[in-house]
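Take a look at the structure below.
The letters A, B, C and D name the chains in turn, as written, and every chain counts its residues from 1.
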Amino acid sequence: MLRLAELSPDVQAAVAQTRDNVAALHAELPRWGLVVWTAGNVSERVPGADLFVIKPSGVTYDQLTPEAMVVCTLDGAKIDDGTAASLAPSSDTAAHAYVYRHMPEVGGVVHTHSTYATAFAARRQPIPCVLTMCGDEFGGEIPVGPLAIIGDDSIGQGIVETLRGSRSPAVLMAQHGPFTVGQNGRAAVKAAVMVEEVARTVHAALQLGPVESLPDKMVDRLWERYQNVYGQH
Amino acid sequence: MLRLAELSPDVQAAVAQTRDNVAALHAELPRWGLVVWTAGNVSERVPGADLFVIKPSGVTYDQLTPEAMVVCTLDGAKIDDGTAASLAPSSDTAAHAYVYRHMPEVGGVVHTHSTYATAFAARRQPIPCVLTMCGDEFGGEIPVGPLAIIGDDSIGQGIVETLRGSRSPAVLMAQHGPFTVGQNGRAAVKAAVMVEEVARTVHAALQLGPVESLPDKMVDRLWERYQNVYGQH
Amino acid sequence: MLRLAELSPDVQAAVAQTRDNVAALHAELPRWGLVVWTAGNVSERVPGADLFVIKPSGVTYDQLTPEAMVVCTLDGAKIDDGTAASLAPSSDTAAHAYVYRHMPEVGGVVHTHSTYATAFAARRQPIPCVLTMCGDEFGGEIPVGPLAIIGDDSIGQGIVETLRGSRSPAVLMAQHGPFTVGQNGRAAVKAAVMVEEVARTVHAALQLGPVESLPDKMVDRLWERYQNVYGQH
Amino acid sequence: MLRLAELSPDVQAAVAQTRDNVAALHAELPRWGLVVWTAGNVSERVPGADLFVIKPSGVTYDQLTPEAMVVCTLDGAKIDDGTAASLAPSSDTAAHAYVYRHMPEVGGVVHTHSTYATAFAARRQPIPCVLTMCGDEFGGEIPVGPLAIIGDDSIGQGIVETLRGSRSPAVLMAQHGPFTVGQNGRAAVKAAVMVEEVARTVHAALQLGPVESLPDKMVDRLWERYQNVYGQH
């Protein structure tokens, strides 16, 4: 088992920073109503190392200190961080690891069972791009991934294959729930918040009548503008 | 009336610990939006004694100190805990007691009227197992119990008979609401949180179209894995 | 104008206590999600006097100190409480006053526009008694009152006439919202919380199929038991 | 670029006060559940100057100090406020500026993507005036504006043209979300809170059956009374 203490001081510092980030980002999941109990997780790639940091399994959001975060290799194996209380990583760790191995541009991954995104996933129905907010953030409809078998790489494969065919940073895994990615953990959390917001609003819209998709050209324009203009640069 | 002061020091210590647990666990019910006002209750069996601890009747969640918790025999009779302010137990005490008498493996019971689980109960409709989360936690569909008469053992009997025919730790009592069980109070609270989460999501899914149940083999696999792999061991 | 300073010390003390109660009870309205901004109000009769205390008009829930509460006669006229900052009473004061004049057993009145109760009111549809919780608290279906003209006693009359034909402490005023009553302000607030809880749950139940009303005899039994057994006596 | 330091002391004081107002008002958006992440903004006109203050782009509600607020001319150009950390204004700034240029009576503008108002906007369906609360606050149905092109004045024009044909302080921009106006920032925030409350309630009402619009005369009476009687004068 790889030992944290044997890694370079730079990597150890990067791990410590990533643990701080990941612990803090977990607070956003209950804050925005995306999770109950322990049912959601955030991970982030450690810059400059083939490692990522993820939530421990079955631990409540109140107990998520930086020290409780688990450090894993890109194969999803926990490394020895030298603490006696070292915890087992999330039961979704293999899926996160698969994404990091196959999508080098991804620096953060989030998985939740947020209500309305999961409701679309239960019906295996993509979320149509009927709102400017969806064009901005997702660049088109939010796609559905396959119903994946547990215990092999099916979930990770389904995520990666679906995301590669789309501009969307979110995929709705069939009868399971959303996974989101981003350039870092914070961006992936933002996508998890936004996929639920879009899903909830489109759900409400569709309950009382049909809705037209936005024209493709408008979606392109919204998405390009949002990538380049929005926020502080 | 049995007197707490006459019990062995070990049992008195176990009662004190269980009161702490039950008082703390009640805070989870409003936290996860399962209850309003005083409309839900948690109980836990006292280890090593034929006793359990339950919420007092009609007391708000703000006032639930360990001292306010009521200690009962497995017949549902309050014991004399030596305090002048001793409170009457929950009006659902007989149902909890029946479960403890007939299901020795159960260490905790929770009753709520959480919105979406109760909506399925109102229609007497089991919650179909259409989400991996439902397979994980409930091992199949979440069953409906009978419409029970008030004032005898009908509610307790209905809970026990329904749970015995299922892997689910939750039963939706017809036109009433969910009861959940677990190896201790915390596990029963978790099941109460999860039954509402699953009910809310499946409700949303069914509003906009049909949903397929997961294959039985996949449900078996999810459930077995979740019992054995999830969490810290 | 009646002056508070001219009333007996006993009445002044009762007014002060009622102001404390009414100010504190307003915090329950946003806490249980019954109101936004300033859109709901609580009043309570002053024991031993022909007075009641009510929310000032258009003031936010953060600013509701006991001193801000307005003291009115049973005709709905504000009395001079001797403070320079004296505020105008709620625009619903006339309706509260009408209830106090015509229902001497009522000690508290609450008005909200809580979402699901108001949705039934918008359709002028009583809430059917399909849940044991509704039998317990309301003793049958929750009735609808008339669409009342603004500016005379129509609202108060509609509340009183509808409540007199029912065991329910709540009435859904057509296309307006719920009014609830109780033996004091706290009981009326409880009824306001419970009418929304029942409305939300029955709304969810009816969205996915029909629901049967509970048998009348069961409702009678639930209601009688709840009046006599529930809570601390 | 206009420099804040060159403006008169009175204008500088008014800018400082407006920054305080706008920073504080942003806290109301998450408080009432109108926004997630950074997806909503408040602006307010600076009294006595051709300036307004608006949210910086892509900054979370936790970080919205008065100093972070951006000061703009009525053309939507940021002025130099002399701070090194000066932020870019909201990506919706051009729409706010257009409203201030063309509606001199408007002192505050708010934009959100609140769920139910946006669901009506997605269907391009006005919110019918079926509740007294809607008559009070909006004086009739809440209108829908056009689907506007991004990058020119289409959004601002659509807002202004739609509001001019209505008593409503809220417009639902098609497939986008609500914009609200008021005599100051606080009034526009109130309208944003109320449009979501009305939208949510009417959504729930319409889910289970048709609802009749209030008679025009009653709406007129509600609206006139609310403008003149409600609140503290």
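Note that contacts are C-beta pairs under 8 Å (C-beta built on N, C-alpha and C of every residue); 3 or more make two chains touch, one makes a residue touch a chain.
Each chain and its UniProt protein: A, B, C, D = L-ribulose-5-phosphate 4-epimerase.
Remember, predicted model here, so these are calculated numbers, not experimental data.
The rotation relating subunit A to subunit B, fitted on Cα atoms, amounts to 90°, rounded to the nearest 5. Subunit C has its Cα centroid 32 Å from the Cα centroid of subunit B.
Mean C-alpha positions place subunit B and subunit D at a centre distance of 46 Å. Counting partners per residue, subunit D has 207 as the residues that reach two or more other chains. Judged by the touch criterion defined above, the protein chains form a single closed ring in which each chain touches exactly two others. Contact residues on subunit D toward subunit C in their complex (touch as defined above): 32, 130-133, 190, 193-194, 196-197, 200-202, 204-205, 207-212, 214, 218, 221-222, 225-226, 229-233.
Across the complex, subunit A meets subunit B through its residues 36-37, 39, 56-59, 87-88, 91, 113, 115-116, 118-120, 122-123, 125, 147, 149-151, 175-177, 203, 206-207.
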